[in-house]
Every structure is written in C-alpha cells, then in structure tokens.
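So the structure is just underneath, and the comments pick up after that.
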Amino acid sequence: MSYISLENITTPYCLENVNLNIEAGEIMAVLGFTGAGKSTLLNVIAGLTEYKGDVYFNQNNMNHIRTERRNVGYLLQDIYLFPHLNTFDNIAFGLRAGGYPDDEIKEKIDSILHLLNITHLKKRYPKDLSGGEKQRVGLARSIIIEPKILLLDEPLSSLDPSTARSIRKELKVLQKRLNLTILYVTHDFAEAKELADRIVVITEGQIKQLGSVHDIFNLPAEEIREFISAAISV
Amino acid sequence: GCSQSTAPKESASAQNATSEKDISLDVAVEYTDHAAAFYYAQGKNLFSGTGIKINDVKVYASGVGVAAAFTKGGFDVSYMCLVPAIFTYANGGVPIKIIAGTHKNGYGLIVNSAKIQELSDLEKTGIKIANGPEGTSTDFLQKLLIENKNIDSEKIMSNTVRMNAAKQLMALRSGKVDAIFVPEHFATLAASFPSMKMLLKSTDIWPDMQGSVLVVTEELLKNQPETVEKLKEINKNSIQLMNENPQAAAEIVAQNLNINQMMVKEETQSPEANLEVTSEIAAASMNNLIMTPEISIEEVQAVIDKMYAMGYLTKSFDAKEIMAVD
Amino acid sequence: MIEDKGDQLEMKQNILKNNLLHLLPITLFLVLWEIAGQTAQTPLFPPLSKVIEAFGSLLRNGMFLKGIVASFGRVLIGYILGSSAGLFVGIIMGVNKTAERSLRPLISILFPIPTLGWLPLLMLWIGINEALPVALIFICAFFPVSYNTLTGIKEVKEEYIKAARTLGASSWYTLWHVILPMASPNIFTGLRLESGMVWRTVIAAEMFAIPTGIGALLMNAESLIRVDVIMVCLVVLSIMCSTFERFFLWLERRTTGAWR
Amino acid sequence: MIEDKGDQLEMKQNILKNNLLHLLPITLFLVLWEIAGQTAQTPLFPPLSKVIEAFGSLLRNGMFLKGIVASFGRVLIGYILGSSAGLFVGIIMGVNKTAERSLRPLISILFPIPTLGWLPLLMLWIGINEALPVALIFICAFFPVSYNTLTGIKEVKEEYIKAARTLGASSWYTLWHVILPMASPNIFTGLRLESGMVWRTVIAAEMFAIPTGIGALLMNAESLIRVDVIMVCLVVLSIMCSTFERFFLWLERRTTGAWR
Amino acid sequence: MSYISLENITTPYCLENVNLNIEAGEIMAVLGFTGAGKSTLLNVIAGLTEYKGDVYFNQNNMNHIRTERRNVGYLLQDIYLFPHLNTFDNIAFGLRAGGYPDDEIKEKIDSILHLLNITHLKKRYPKDLSGGEKQRVGLARSIIIEPKILLLDEPLSSLDPSTARSIRKELKVLQKRLNLTILYVTHDFAEAKELADRIVVITEGQIKQLGSVHDIFNLPAEEIREFISAAISV
C-alpha cells in the first residue's frame, strides 16, 4: 500500500469522492484553477478540515488523529509566520511545543538557517522580511519538526523567477536528504514539470487526471485540455 | 468603633444560647436628639441594671442611613424616625417591629430671613432649598407641606438639593442654600445662627406627628420577648426621667451629641462641620419634642397611608403588621 | 570650520527660540492667573501663589497624602481584580463558542451601563465600606477588558492557529503562545483606555459614598469653599491619571512594539 | 427538487437551532433571575417580574419619563456645545501653529483630569442649577473632541494640502474641502467615544448635585431601598447609552464608509 | 526671454544657485539620482517651498505669488488623489475651487474622462483604483484647470511598461493640443529620450548638464557620465 492513501474523501464544501495514493519519497504536484479544491485536499491530509472517507498514513487510519499528532509539515498558502516571533522563535515554535531542550533547538535551527541561507535573518520579525525571505523561514519552520510528509501550498507564487528557481533547487536537495513525501500545490505547469514525479489535476473538487509529467503534458484528459494549455502558456 | 464597616455580628439570640444572663445588643441610632431617650438611658446606666449589655452603637447621619444599614442586618435595636422605619419594613423587607414611641414632633424648616420671609418665597426662582435624602421624615414633611399649602410642587422640588443634616447646616451658613429642612437638634441649632429663623415647625404641618420610634428585629421579639419588655421599660423610664429633669437631660444629650460628632463628621465627609451643641441648644431643642413612649396604631396607619398615597410605598399595609405595642 | 561654528550657534539659537516659544504661552497663562487672582480678591478664584501655598501646606498635612494613597490603593486593587477577571472571562469566551454565546448577550446589556449607575445598587448590596469603590472599579475595568480581550482573540486569523497545530502545538500551547500574544495589542489598548476610566470612577465613589480619598478631599474642599485646595487636587489627579495611562502605553510599546 | 427541499428544510432547522442557541442562555438567565428572586424573598433582589412591574408603574408615573427627558436634554445640549467648541478649538490649533503651541500645554494638563473632578469647582463657580450638568458635559466632550480633531488634522499629509493649492484652492477652501473631510474619521471616533462618556457624566452630576434626571431617580431609589426601580433605571440607561453610541457609529459609517 | 526662468535659485536643504530657462511649449525632462533635488526644483516653480532667487513666468516675477495663483498643474510624486472624493470629484476639485458653474464642470470633466479613457472610473474612490488608473486621474485633475505649465514628478514610475507606453503617447497628444510647457521628472533615460525636447541633469542640488537628448547621450559631462550610463543600462 502507498505511503499516503485517501479513500472516498468528501468535504462539505468542495471535494467529492476523491481517491488518491502517494508513494513514500514522491513529489506530487497538485494543479488546478482557483477554487478547485487544492488547499482543501491538503487540509484533509493535515486534519484541518472536516471530511468523510478515510485517510491512511503508512497504512494507519488517521481519521481520529488530531492535526498536532499527524506530524505533517504544512506550509500554508500565505505562510502565516507568527508576527510576534522573530525568525528564530518562529522556527523554534514546533520544537518548543514538542518540549525539546533549548540547546538541541539552537543546534537544529542553526543548521537549518545555514542550509536555507537565512542565518542573517535570525533576529528579524516577519514584518521586516521580504516575500522570499518569509517563504524560506516558513519552509524552515515546517521541516524542522522532521515530518515524513510535507504539504506545500503555492510556496513560490509570490516570488520573482530567479528566487523561485533557487528555492526549487534547495527543495529538491532537502527532499532527498530527509526522504520527504511532498504534495506541492501550484498554478504553474512549468514549476510542476521541473519538480514533480507525478501530477494530479483537480477541477471542481474532483481528480480529473493523475500521471507522470510526460503523460499529462502529452495526453491531457478531454476536460482539462483547456486548463493544461492555459497553464503552459503562462 | 462606630464605623459602619463592620460585618454583621452574631445575633443576640445566638449569644443568648451560651449565656442566659448577659444579653448583648447592637444598636443603631440617628445623630440627633431624637435619640435622646437612648443617650439618656445610656448616660444614666439604665441598661446595665437589667442584664442588657450594649455591645455596639452605630450612629447614622439620618434615618435613611439606618434603613440602608438595616437591610444588611447586624442590629437588634434601633431608635429611628417612623418614616424610614416604615419603608425599611415595606421596601427593604427587613422584618422589624415598632415596640414603642420615643417622641412626637421635632422637625423644622429654617430659612435665611434675608431671602425668605414667608412660605411663598420658596417658589421664587433662584431660591435653593436643602433637604435630606428621599425617604427621610423631613422629605416626607416637605411633600406634605406642598400638598397642604398648595405650593407649586414642580418649582419647589427642582429647587431642592439633597444632603445630610450636618451639610445642610453648613450650606445654609455659607449661603449656598436659603432654606433647610432638618430634624431637631439641627433645627434649633440652625435657627440660632445669625439671620436665620425657623419658619415652620413640624407641628404646623402635621400636629403631633409621631417622630421617632423604638424598633427591634422580629427575631429579637420572637426569641427574647423578655428582653424586649425590658427595652420598653427602660425607654419609658428614661423618657419619664428626662421629662422630670429637663436640664440634666439636656446636658447628657448635648454631651453625647458632641462625642458622636466626630464619627458623624467622618461618615458625612464633613470634618469642617463643627456643630458643637451646647446644653442650652439641646434644652431648647428638646422643648420642641413631646417626649412620650405612647404610640397609637391609628397614627402610624395614617402615616403609612399618606406614604402610600405619595408614592413612597408600592402598596399600603396594616399598621398592626409592624407594631408590637401593648 | 568657521561656518560649522556658525551653524551650531544658529542651531542653538533655534532650539532656545523654539523652547521659549513653547514655554511662553503657559508662562503667560500662569502670570495672568496670578494677576487675575490677586485682582479678583475672592476665594472663588485664588491666585496661583495661593494654590502653590495650599499645596505646600497640604503636603505637610498627612491627610492629603493619606487621601492620595487611599485612592491609589483602591484603584490598584479594583483594577487588578477587574482586569484579571475581564481577561479570564474574555479568554474563556474567545476560545469557547458556548461560553461566548451564553455570555455575550448579557455583557452587551451590562457593558453600556455607566459605571456610576451601579453605585446605588452596590450601596444597597455591599453597604458603605472599602469594598464599595473596589467593586465599582472592578465593574469599570471588567467589561471593557473582557470585551477587548474577546475582540482581540477573535481577530487572530484562524490560519495562525492552523499553522500552530500543524507544528504539533496543543490547544493550550496555542492559546498561550499564539492566540494571546497576537491578541495582546487589542488587550493592551483596552487596559490602557480603562486605566484612565478607573480614576474617574474612584473619584466619584469617594465624592459620594466613601469618606476618604481624593474624591472626599475634593468634596470637603467644596463645602469649605477652598478653591485653592480643589485646584491642587485637580492637578494631582491630572498627574496621577496621565502617569497611569502612560505606564500602560509604555507597557504596550515594550511588549508589542518590536513586532507591530 | 426533492434534494433542494431537504436542503432548505435543513437550513431552516439550522437557523432555528442557532437562534435558539443564542436565545437559550439569556432566557435561562432571565428564568434563573426570576426563580432566585422569588426564592430570596428580599426586596434587595427582586425577581424579574417585579422589575417589569416597576417599569410599568414608573412609565405610568410621569416622573420617570420626565427624568429621562431631563437627562437627555442635558446630554444633548452639553454635548452639542462641548463638541462644537472642541471642534472649533481643535481646528484652530490644527491650522495655526501659534494657537497650537499656546493651547497644547494647557490642554495636556486639563485633559487628564477626570471630568467629575470638576464638579466641586463648578458647584462653587456656577452654583447648583441647570448650567452645572451642562457645563460638566461640556468639559467631558470638549477636551477629547478638540484633541481628536487636532490629531485628525495633523494626520492629513501635507502633500494633500500641496495638491489642493496647486489646483488653485485657497487656504479656506482647502480647510473645508480637504483637511476637515480627511480628518473626519478621527473626529468621528472622538465624537463616538465621548457619546458614551457624557452619559456617565450626567448621571454623576444628577446623583450628586442636581435633583432631577435619571441620576437623581437612581439616588432616590437607593435611599428608599427600591432595588427594582434601580434596576429599571440601569436597563434604561444601558439602552440610552448604546443607542447614542450606535447613532454615532452609523453617522461615521455613513459619512466616511464609502472611501475608507 | 524664456517662458519659465529660474535665476539663482537656492533652497534651504538642497538646490544651490540654479539657473534654468524653459521655452514655451517645450517638454523638458529632469534626470538625476534619488535625493538630487528634482522634486525640490518642481516645488520651487510651483511655489511650494521656500527659496532665494527669482522665478519668472513669461517675464513676470512670481516670487510673491502664492501657489494657488500660479496656475501650475502639478502631478505630485505619489499623486495624492483625495481619498474622500471619487474620480469625478477629484478631477472637479480645481474647477470648484475656482468657482466654475456645475454644468460647465460636468462638460469639461466628461471630455477629459473620455480623452484619458477613464469614463468608467467616474464613481470610484481612489482606494478602488489601480496604480495606472490613479495616474490617469491625477493627470486629468492637474490639466483640467488648463494650466500653461505642467509639472510631472515621475508620473509613470510605478506602471508596467505597456501602460506607461500608452500614457506617454497620450501625454504627447495632450501637450500638443493644449500647448503645454512640461517639466518631466524621471529616473529613466529611455523615457526621457522618448518624450523630451531637452534634458536637464541634476546631481546634489546643481545642474550638471543641460542639452538635447542627443547631446547628453553622446557627450555627457565628466561628472555625470556614470549616471548616464547607469540610467541607460536599466
């Protein structure tokens, strides 16, 4: 069985009977128009929204496991760094909530700050960070708790192309190193193409197509042809 | 002490259970010579011979103060004016009984004779009248006066400011008000100030109206009927003695009023109100009271009916409910 | 170099000029006050010098300091109790829908009642003692603080709470480390606004009911027609109130200034 | 169609459920009040029914309505005078540096004095008459309104004024058509906050000094131990205050809602 | 003599002994680094800042003429549309201040709204306008009072290239039609080149060079060579 398994997922406002399997260590891109249900799908996996159906992680049913125990790293669509905490404390949040000792926290954070090249931002508050800097801090915050699953909701949408490119590279490296299973929401087909092993296309709360980048590019299903060609032309 | 901030004490009955002999009572009185019967009895040690120990005496600026304090309990006995006693029972729901009278009459309207010569002058614009808080006997009398003499109620009431008797005297003296409605001994005292005169006495409004009464809690009456009898007896004796020796009575009363002045000053926030009472003033004042333990149910009923008619009470009731006289 | 010196001199002159300009009107006012007071020769309008004199003699007289201390103590106790209770109820309402639904209609009726309106009721319920001004100040602080706390908590976007939960934080941890810190600007605003109000309340209670404190001093001075004493009391009150408010402004800046 | 009907039904049930849930706690509270009052059997804690009864008989008795009208009249007159004067002084200070420098230090001393603190002074200066509560409310409204007006004007960026002048607007025209409209959100906030405060002030003045109005009714009820009447007065006060504040909120939204 | 003449202009903080002549109907671009004194120069002409020296319009000394009587259209650096007025009322502001009758105002505004293609924005408040839309409204507001001189302080800086291009065209048309004398501040050499008849380069409060686009491009003065090459490379 797959690492993440969604069976017959239905949510009050959006998803209808969604079935999806994601393998361990895979990067799966989630594509779809605004309002299609991409964020909702991620919320189901993180346990942040009500749903009917079953969610399995590594064959364990997670339906009654609360968000804080699912150990899922989640970079929300607008990041939501805590405004009252500086970079260090934002990243430390999850570790402190988990009761780690201070010196261990410091060590872990120093290494991730170094890895993401944001050591110099350590003392700054979110209001003093640029969009790209916030994105990196958010990423650091969600992976420092060492989740097996990482959910990224349009993490690069507000960045200029060159910054986006460099973060994409770092992400690939991280994913390899930590053997993460990643769901990656994006509007941008080129981005999906560059990062993902497989792509799932959602429209109006339903999965319209699932396959490798190559398959989707070359053989888009009837109802999503228009979407794919629009996404490519951007 | 005599400050008001003490918590309700154990009731007399509870204490009685432990010691049959020594009955200690908490007493509330008004700071006027209306309480002369009490002051005199205490001064002449009339209580001690009967096995009654006066545990705590609280002195209030007006009957309204006694009434408000009664609602929180803590007293067994009070010497207070009839009008506040009635609404303590009716509005405050405090189960009290009137066991005797202490005097009739004893209120007066004192005016600045430079500004006011006759009653109709009270209606003039710019005239300021002071009276005690709503529900005091003087307030009751003022409303009666308006009714009896056909004075413009609207004008008078909006000229009337409320303050306690000590402050009324200060205000009259400093010219901030032109007329005051106060109980004795304040009435006589105020009339003794230069250019002030007593325009009306309460007898002119309600002849021989029941003034103050001796009040006990229903609880005391039920559990200690013999103590209540003793209280009546002491009251009667005290009044009789005072009527026989008015000069000696005046001296004791004046002395007591001056002792209590300090606490009342504190309570009324008027440290400046130096209202020293000489025994002459006390004597003159007590002359305006008819001191008698007698009290008639009809008279009390008349006051109750009048209070109901004037809106002090939400419903009238039978005077017998509140009386426990022989 | 010479030019530099000239500049410095000019700057100094400017500073002097500006400061003098600032001081001039108030000095003028004080001088006018003195002259008018001296001319008027009525105790209803004492000259500045008499007010200062009165201040001096009040200071020597223990009563005055005792009054200030009494008022201050009441404000402090009532305010601490009232705002703690307000915080507590506000938090309960903020995190619990049922609590909010139950309490909100009640609070929305009781909140607009002018605090002083409670005085007659409390005089009957509590009696005239030290608990009375404290209870009044409690009410004065309680409602706005609970209301502002609730508002502050409601204004924390749900997404921050979601983010905290994905990071493994329990509800309790989230409350303390996300919701309350983020609600704190609102909470502090409530606390600060009320810190001025409680003074108004204590003054009123003392003027009316409790025979000690600055309010009582004011009333006594009124019946003694001591306008100079009244003026001293007013200035002292002004200083106390603004110090109190400034303290909360400082606290607000200190705790939330860095990140807002 | 059938599904639609079902949905509608469900929706209706939800609405009912939510409204009932909202009403439940307050109903419960009222019922508990009634029961507790009936059980307590003391006039110090009258049951709801007695309070409603008292309200009825007060309404029939002209005194009560007259009291409300008296208080309302004082609030209205004092508030209109005080806030007009506050606006005027605020504008003068906002447009004239000298006026600002002269008045600011004075205002910053007088502003923090609790309004009620003025009562003893005004009792001596004005005496006890209708002008007293009006003067108090005047003070209560004047300082905050002038302060907020000044702040509002100062917060208008100079560039807007420059823009107006390059468009040929005189200083006067700019004041009326640029500065004041742009300062109005601040001004309205001041007006609204004060609209609640003036009620507190009038109540206090009436409790103390002036023998008519709701405040006097409250005090009389206290001395007659009429808790039911006190409660009626408090509810009426709550309604008056919140209506007053809501009116200003509405005015604020209406005048500045479109562009903010 | 020239239409605008500045003689020995010195301002407290910035300009030093500036002399400048601008001919009637000319578009002069003002170039220079941030803080050079470009906006200050415009403020001197508009009478919005203190200065020593003399300003002549058409040979009349303007020193003691107040801003509101100089009849200069001025589009400030950040436009500053009045937030409490909608588009129509913003544009009408100058006419109303000048006491024009309502029907005349309506007529004039309708024609300028049409000219700048913003009729559909008539009822909108500034908060609901995009950057480019604001710029057009601001332009309309400053030219509707029919000034002879128009001062534009970086009017196109915050716009995307294609919008900027179309406004530049409209501006040229307007300038011809109304025979405006324009001072045009910009950081962008290309923009200056496209629009201006002559360019004046200011650094540190002094005029470093003044000449035709061609001259400045080919023969920049010693001290501004670096500036010009930087401006071109952008």
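All chains are identified by letter, namely A, B, C, D and E, in their written order; residue positions are counted from 1 within each chain.
Here, a residue touches a chain if its C-beta (ideal position, glycine included) is under 8 Å from a C-beta of that chain, and two chains touch if they have at least 3 such contacts.
The chain list, named the UniProt way, goes like this: A, E = ABC transporter; C, D = NitT/TauT family transport system permease protein.
Nothing here was measured: the structure is a model prediction, and the numbers come from that model.
Chains touching chain B and chain C alike, please list them.
In this structure, the chains that contact chain C and also chain B are D.
Tell me, which chains sit next to both chain B and chain D?
Expected: C.
Measuring between mean CA coordinates, which chain is farthest from chain A?
Result for max centroid distance from chain A is chain B.
Could you work out which chain's C-alpha centre is the most distant one from the centre of chain E?
The most distant chain relative to chain E turns out to be B.
Determine which two chains are connected by the greatest number of contacting C-beta pairs.
Looking at every pair of chains, the most contacts join C-D.
How many angstrom lie between the centres of chain C and chain E, each centre taken as the mean Cα position?
One centre to the other, that is 51 Å.
Whole-Å distance, chain D centre to chain E centre, using C-alpha means?
Averaging C-alpha atoms per chain gives centres 49 Å apart.
Could you list which residues of chain D touch at least two other chains?
Residues 44, 219, 222, 225 of chain D touch two or more partner chains.
If you look at chain E, which of its residues touch at least two other chains?
Residue numbers touching two or more other chains: none in chain E.
Could you pull out the residues of chain B that touch at least 2 other chains?
In chain B, 68, 71 touch at least two other chains.
According to the definition of touch, which chains form touching pairs?
Every pair of chains meeting the touch criterion: A-C, B-C, B-D, C-D, D-E.
What does chain A use to touch chain C in their complex?
That would be residues 46, 48, 66-74, 76, 78, 80, 82-86, 93-94, 96-98, 125-127, 141-142, 145 of chain A.
Which positions of chain C touch chain D when the two form their complex?
21-22, 24-26, 29, 44, 101-103, 105-106, 108-121, 123-125, 196, 199-200, 203-204, 207-208, 215, 218-219, 221-222, 225, 227, 230-231, 233-235, 237-239, 241-242, 245
Report the residues of chain B in contact with chain C in the complex, numbered from low to high.
Going by the criterion above, the answer is residues 4-5, 68-69, 71-72, 167, 170-171, 174, 266-273.
Show which residues of chain D lie in contact with chain B when the two form their complex.
For chain D paired with chain B, touching residues are 41-44, 54, 57, 61, 127-128, 209-212, 219-220, 222-226.
Considering the complex alone, what residue numbers of chain C touch chain A?
So the residues of chain C in touch with chain A come to 157, 159-160, 162-170, 173, 177-178, 181-182, 184, 256, 258-260.
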